[in-house]
Structure formats: structure tokens, C-alpha cells
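Look for subunit A in each of the two complexes below; its partner is subunit B in the first and subunit C in the second.
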Partner chain A sequence: MGINKLEDLKWHEHDIAIPKLSTNQAEFLFRFYRDLERVRIDTLSCFGNVISCIQRFSNERVAVKILPIPQDQIINGIPSSILNHASILKDLDHPNIVRLLQVVATEEDVYLVFENVNLNLERYITNPMLSIDTLERSVLRQALSGLAYLHSHNIVHADIDPFSILFKYTLEEPPVVKLCGIRAPKTSTSQGHPSYKAPELLMGSTNYSTAIDIWSMGCMFAHIIKRRPLFNAIEEHRVLAEIFCLLGTPTEETWPGVSSICKFIQAFNPPIQPKDLAEEFPTLEPVGLDLLSKMLCLCPNSRISAYEALDHPYLRH
Partner chain B sequence: QVEYDPPNLHETQQFDESIGSVPPLLSDESLEALVEKECLHMPASDYVSRLKIGDLDLEGRMEAIEWIQKVGMHFGFGPLCVYLAVNFMDRFLAAVDMLKDKIWSIQLLAVASLYLAAKIDETVVPRSLDMKMNEEKYLFDNKTILKMELMILTTLNWRMQSITPFSFIDYFLNKLSNDPVPTEDSFS
Partner chain C sequence: IDTILKSRANEIVDIDCNFKDPRFCASIANEIYENLRVSEKIKRPSIDFMEKIQTDINASMRAMLIDWLVEVAEEYRLLPDTLFLAVNYLDRYLSGKAMNRQRLQLLGVSCMMIAAKYEEICSPKVEEFCYVTDDTYSKEQMLEMESSVLNFLKFEMTAPTTRCFLRRFITVAQQTCEVPLMQLEYL
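Moving on to the complex of A and B:
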């Protein structure tokens, strides 16, 4: 449930679903919006800093993200990080990217008003009422097409995980995939779920190339097929171990330059052999396996690009 | 159906490039996207004629541009930053009817536009107060400049990542010269 009036806020001090707002934020939001509610980002009661609410003048549900201006920077107006972030998002216009509808700034905060979306991937897959069987290809194609659009704008997402892939659905039409959580380039340090992180990042590389997004998309693809995450660990080194167990360890032949990123890789002698993906994914047809293996290619330079993946036989028709 | 040209796209995938090196070469898709976006970052189409017939303050605009160039040079701002500032100013003038009798308004607009452009393009941004450069005309207090800043952002709908000729230079130089590796020197 959401709350409608500023005065009601005090009754919900301990309710984690009710957003914590400063006085100015509350005054601003309740003037223009009603039914405020924090957006749940996963199946447990974990909440993000996004507020779902209804715009009073249009009766349309939107998602508002508050970016507070740091106290010591208020004297300089809008900080350049927020300015760049908001203006880059404002220029993105693609059906598979969450649309930034409006930016409103006060002296203390910047409010990003996004179109509302219904569910994230995690909740979508685990909901027995929503059959994803016939939609596997469609979901992957839409997500990749949003990603290809980002990459053509030289933007690396860097945080693709089950919570940044959202669904907008209506009763009559198939669900539309929407990528969210896009940040400004240059400021990227990946904060996404470790089990979706590319091996080069787990090994300590700080190079945020477009290839890291393809890896995460490959993990999402596997997640949809398996109905559970491909890798389960939470600590980064354990995820890396899981990756090596499934796909083998890279060598200088399969990944030129790998030993300069990761010193201990030569300790795997002889290298671990990759498992047969067909056994891991018995329900996936060979052409799908081919695409999956190209997305989960250890060497970032040899990994398929978003445009190439869209043209892969598995997704083409 | 998405058309693509793999050899070009690999340029954006170079893993070995260190951060802060030469930006990747534009692919043909990126170019298409840029050309489409460019139209969103231009003043209204009747802007030039309105300047010419005196509907807008042509002289004030020229003077403001001169000031922007001078201050830009003083702080060592790049050519893109100066270009952006003029672009913001033009788009604002085209969208809003500034009161002609308030001469200070275009000067305030110039200060705030340059301040915004520096925030977008420069790594070191001077304080808004330091931008007046000892010129009485361009002397405004911080609060006023920040108010103008918000007004520009709202008027331009926060579309501040303008596509400029600088966005295309590398691509076309590369096409012309068949030089496989464009360098940042091609800007200067």
C-alpha cells in the first residue's frame, strides 16, 4: 500500500515500504504525486531508492528516483555528475530502455521521473502465473536490442543483473523488456550482482568494455533457461571458481593477454577442461547453445557483440 | 531486422584499451544515431531569420558570444565547451521570449550557459562567481546564476549532451584519409 498525504508519513516510521524522505522531498513529492511506495527490487524485502507513485495531474503511475545534491556542493548548483547522468538518460529513446520522462530539480535534489514498469526478471521467472516458456527468445531479443542501442551510443551498462532487467506487461500483449539502472559513462564502477559479473572484472580488470554487458546478458539467458541463476556464489572469487568449473580455465591461447590481468591463471596447469553445455542445458536446442557459448566466451575480445547476437540464427526469425 | 557491419563494431570492443585513451571510432550505427539526435539539439528552424529581422537581439548575442570565447580562453576551456555554451544560449533564446529591454538577461544567460557547458565538458569547473572576469555587465550573484541554470535546464528539457560538429570529425577524417587509427590530434 502507498500513502497519499504528507501527514500520514508519521504513522509509517517503521514500515520499510514507506520511503524515507527529508521534509523538502516529502513536500515536493506530495504536491505532485500520490500513493507513494518504495519499489521492491527483489523477492525478499529489499527495497531500492526508487519510489513508485501516481502523478496527480495525469493519474499515471511513474517511478521517481531522488538524487540528493551533496550538502557541500549545493553552492555550485547542479553537480556535473548529476547533470551528465540526467542529460545522457534524457537522450535515450528506445522501446527496451526505461524512458526518462522528466527531470525536475530543486535547490537540494534532482528528481528523475521514469516510466513505470511492473516486475524485474527475478520475480518474473519465479512467478508461476506468468509463463515464460514461449517468451525465452523474445525476452533475450528485446534485452539485446536495448543493449545494442546503448552500445551504439558508446554507453556501457556495467550493472546488468536480474534487477536491472524489467518487464512492462498488459493483459493483452506480450511483456516488453525494459533495461534500467543506466548510469553515466566515466563514472562506472560495477555494482551489479557478482554472479552476473564478467570474468575479466572478477579477475580485477578495471576496463569496462561493452563485452562485460554481453557476459551479463549470457548469464541472464542461462538464468531464463534454467529458471535459476547460472552462478550462485556471492563472493567474487567463488563466482570465478564456478565460472572456471563450467567453462574451463582460460589460457594464453584461448585468451591472449590473460596472464597479464591475472597472475595466478598459470597455476592451473594443466588447465581445467570446459563442461559440455548441452548437458548443462538439456532443454536448449543446439542453435541456442551456440549463441549462449558465444555470449559466455571467457575472452572479452572474442565475445559476440550485441549486434552480432541479434543477427544470430537463434534470434533472427 | 538490424543491419550490421561486424568489422567496425569490433572497434568499440577493444579490451586492451586503457581507460582514458582515444575514444572508440564511431560505427555506422552510431553515426546514424548521432545524425538523428542532432536535430533535437538545434534551435528552432526560424531562429536565424528571427535574429536577422531584429525580432531577437542580434547584437546582444554577438557580444555575449565574444564574452563566452574570451572567458573560455581565460580558463583554458576546450573548443567543444565554448561551442556547447553558444548552443545552449541559442536554443534558450529560440524557445523563450526574453524581454528586450532587460539587457542584463542575455548576459546572465551567457554566464549560466558557459557554467553549464563547463560542467558537461570540462574536468575542472571554476566557481560561478569567478566567471564574471572583472566585467561589471557580467557580474551576478551566485543565487541568480543558479536560478538561471535551472531555468535553462528546464527550458532545454535537460537535453544537454548536444551533438556538435566535434562528434563527427573523427568519423569523417577517418573516411577521407583511410587512416585506420584516428587520434585526438584530429581535433586541434
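Moving on to the complex of A and C:
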């Protein structure tokens, strides 16, 4: 049960499940919202508290993210990183992307009001009751159509991992995929979880583009099929090693220009041969394997695009 | 006619053929362009705000303000994109809210500050924007106007400007006449 009054909040302050709010934040929230609960949506909460609550005027459940303006920047008004981030998100309107409904700026904080979502991919996969129906196709199709929308708005997500793919569902309706964690170039510090990172990024290429998101989506696809991550390492070089073990090492023939990005690639002579994906994914039908192999293509220029993937026979029906 | 058409068809150059450099997004260039066109329609100021909404200001005051904003942009070496965005915000704000002539410059410089925060890697500080108005307006007034513009435009500050399209048109024009890109940039 959420908290409804300012007094109740104070009483609960020792409880770590309740966010620490400043007096002004608490006053603002209780004026417009009720039933406050802290939620853990990791990618949404990358800069601050996320609070799930009900909007008083619409009775709609929303997720409010509070971005405090750093003390030393208050004199300059809204920091450019927040302004840039909020206005890019505000521009996106697609059923498979978490919608930023409203932005409210006060002197000390900026409040981003998002549509509410239930859980992330990680939790979805580990909850046996939810993933009981095989929804791989639907999840992948929805995630890719959100991604195609982003790409056609000139945005590279660059941060797709199991925490940035969220689900919204009700008892009556099947889960709807919602991509989140889209960061503005100004706020971007990391480029996603290493085990979802594309090989060109792991090799240190700076000349990357939309193809990096397709790679991450391929990893997500494999993750759903296997019910565990495709690559497990945490250190970047170990992830790269895992990739090579599964998909073989690239050569100048399979990936023109690879030796200029990655100097040591020529040391693999003869190159490592790729494994048979059909053996790695025995439950996946051949047409699905074909799509997976095109998404996990080592060479970024030959990797399938989001639009082409949506048109692939595996997803067409 | 057939032969003319055929020879013309041979002259058409596909500008989205740079598949080697991933940053050009050649395979989805069309979708990106379509979305810009849609977005342009949504984020366009009204055409008759001067007659319908404004009572105290007129078109020549707006022109003077924009001339001055060009100078501000030069003074702080701001990107041309920033200037175009600032004018977009200015006109969209004036499309819905009446403004008096005393505060018009404050609105203009605040739009410039927002555009700089959106577009520039390193945007000038509030004091610097106050300074260019010869300290006519205080920092507090500047920030108050900033939040008024942001709230009125609902933080929808991502907008395609003339320059977004110009960049693409120039690339098209480049294919048939060999004018250096730099010359066209200053059209």
C-alpha cells in the first residue's frame, strides 16, 4: 500500500523502500499524486529516484522520476543535459517506447512523468508464470519496431540490455514491450552492459552506428530463447573472447576493415571457426536461427537493420 | 521522349549510397527524412500570429530582434543550428502568447539560451546572456522566462529547422554542380 500523506511519509522515513525526498519534493508530489511507492526500474532510475504513484487529477498510475538540479548549476537554470534529455524523450511517441507524458520544472528539480510499466526483461524471463506462453516472437517484434522507430528518428539507443526492455501488461492483455533508458548524447557515459555490447564497440571502434543496437537485440533474442544470457562475462575482453568462441573470429573477407579497428585480429591464424547455432539453440526453428545469425553478424555493415528484421519471415506473421 | 527520360534517369545520383560509413545511416535515410517532414508540421509556428495574437509588437520588431540574435550568435560563436532553433522557439511562443515590446528582447535571448543548452556542447552561462542585453534584464528574469518558454512549449525542444533540410538539399545539389559545400552553407 502506498503512502498518501506527507505525515505518513515522515513516519516511514527509516524504511529503505521509501525514497528520501526533500521537503520541496515531498510537497510537490503530494500536491499532484497519491499512493506513492518507490519502484526499482534500474534504467529509469539511473539519475535519481523513481516513484510509482497515482496522478490525482486523472487517477492514472504513472512513474515519476526526479532529477535534482545540482546545487552549483541552479544559477544557470535548467542544466543543458536535462533539457536535452527531456526534449529528446518528449519527441518520441511509439507504443513500444516508454512514453514521457509530462515534464515539470521547479527551481530545484525537474520531474519527468512517464507512463507506468510493470517489469523488465530480466524479471520477465525468471518469472515462470509469466513466460509460460511462448511469446519470443511477439516480444522480439515489438522490441524491434520500437528500435526501428528510434533509428528512423536519428537516435542510436546504445544502451540496450535486459534492464532497458520493460513490459507493461494487465490480466486481460498480453505484455507490451516498452523500450526505455534512451539517453541523450550529453548524458551518456556508459554504453550498456558489456555482455550486450557489439563487437565493434568491444574492439574500441568509435565509428559505430545503429547496427550496435541490432547486436544487443540479437543478444536479447538469444537470452529469451535460452532463458539465460548468451554471453556471461563482465570484463569487455572476456565478452569478446566468448563472442569469438561462438561465432568465430572475423577476417578481412567476412568483415572488411576489421584489422584496422583491431590490431590483434590477424594473430588468429587460422581463424576460429564458428559453432553451429542450431546445436546451441536446439529449440529454435530454422527460420528463427536464420534471423538470429543475421542479427549476430560480426560485421556491422552486413548486420541486418531493424526494418529488414521486421520483414524477416520469422517475424512477418 | 523516351530517350530523353532515359538520359535524365542516368543523371540521377543516389545520394544515400554511402554504405561504408555507418554514420550516414544510408539504409534508413529515407525514413529519417520522412520523420523530419512529419515533425516539421507539428513544430511549426502559426503563420498569422502577428495579426491574430500580438497587439503590442509587429513584424519589423521581430526582424530587428532576429538581426540582433544573429549578432549574439556570432559574438559567442554559437552553431548556426542554435540560431535557427532559437527563432523556432521564439515564433512558436509568439504563436500562442501575446508579448509586450519591453520584454521581447528578454524572450529572444531566453530562447537563444535554451537553444544553446539544447544544441551546444558547451553553452554560455546565464550571466553572459544577461551581458549581451547590457544587463537590461536580471538573471532571475532570464530564468523565469526560460521556464515560461519550456513549460509553454511542453519541453518539446527537438525541432527540425530549415538547416536540417538545407544540409540534405545541398548534398543533392552537390551531385550535379560542383560548388564547394562551404559556399552553400552561407546561403
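Quick note on the criterion: the second predicted complex is superposed on the first by the 286 of 317 C-alpha atoms of A that agree within 3 Å, B and C clash if a C-alpha of one lies under 4 Å from a C-alpha of the other, contacts with A are read in each partner's own complex, and residues count from 1 in each chain.
Definition applied: contacts are C-beta pairs under 8 Å (C-beta built on N, C-alpha and C of every residue); 3 or more make two chains touch, one makes a residue touch a chain.
Note that the structure is a prediction, hence the values are computed from the model and not measured.
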Given the superposition on subunit A, are subunit B and subunit C in a clash or a fit?
-> clash
Considering only the touch criterion stated at the top, classify A:Asp311 as touching first (subunit B), second (subunit C), both, or neither.
-> first
Should A:Ala211 be classified as contacting the first partner (subunit B), the second (subunit C), both, or neither?
-> both
A:Ser145 contacts which: subunit B (first), subunit C (second), both, neither?
-> first
Go through the superposed model and pick first if A:Gly77 touches only subunit B, second if only subunit C, both, or neither.
-> both
Overlap of the subunit B and subunit C footprints on subunit A, residue-wise?
-> 75-80, 83-84, 86-88, 90-91, 103, 105, 148, 151-154, 207-211, 300-301, 305, 307
Subunit A partner contacts - residues on subunit B that touch it in the complex | 2, 4, 6, 9-10, 12-19, 23-24, 27, 29-30, 33, 37, 40, 115-116, 119-120, 125, 127-128, 142, 145-146, 149-150, 153-154, 157-161
Under the touch definition given earlier, write down the residues of subunit A that touch subunit C in their complex.
-> 75-80, 83-84, 86-88, 90-91, 102-105, 148, 151-154, 186, 207-211, 300-301, 305, 307
Touching subunit A in the complex: which residues of subunit C?
-> 19-23, 25, 27-28, 31-32, 34-35, 39, 113-114, 116-118, 120-121, 123, 125-126, 139, 142-143, 146-147, 150-151, 154-158
In the complex with subunit B, residue positions of subunit A that touch it = 75-80, 83-84, 86-88, 90-91, 103, 105, 107, 145, 148-149, 151-154, 200, 206-211, 257, 300-301, 303, 305, 307-308, 310-311
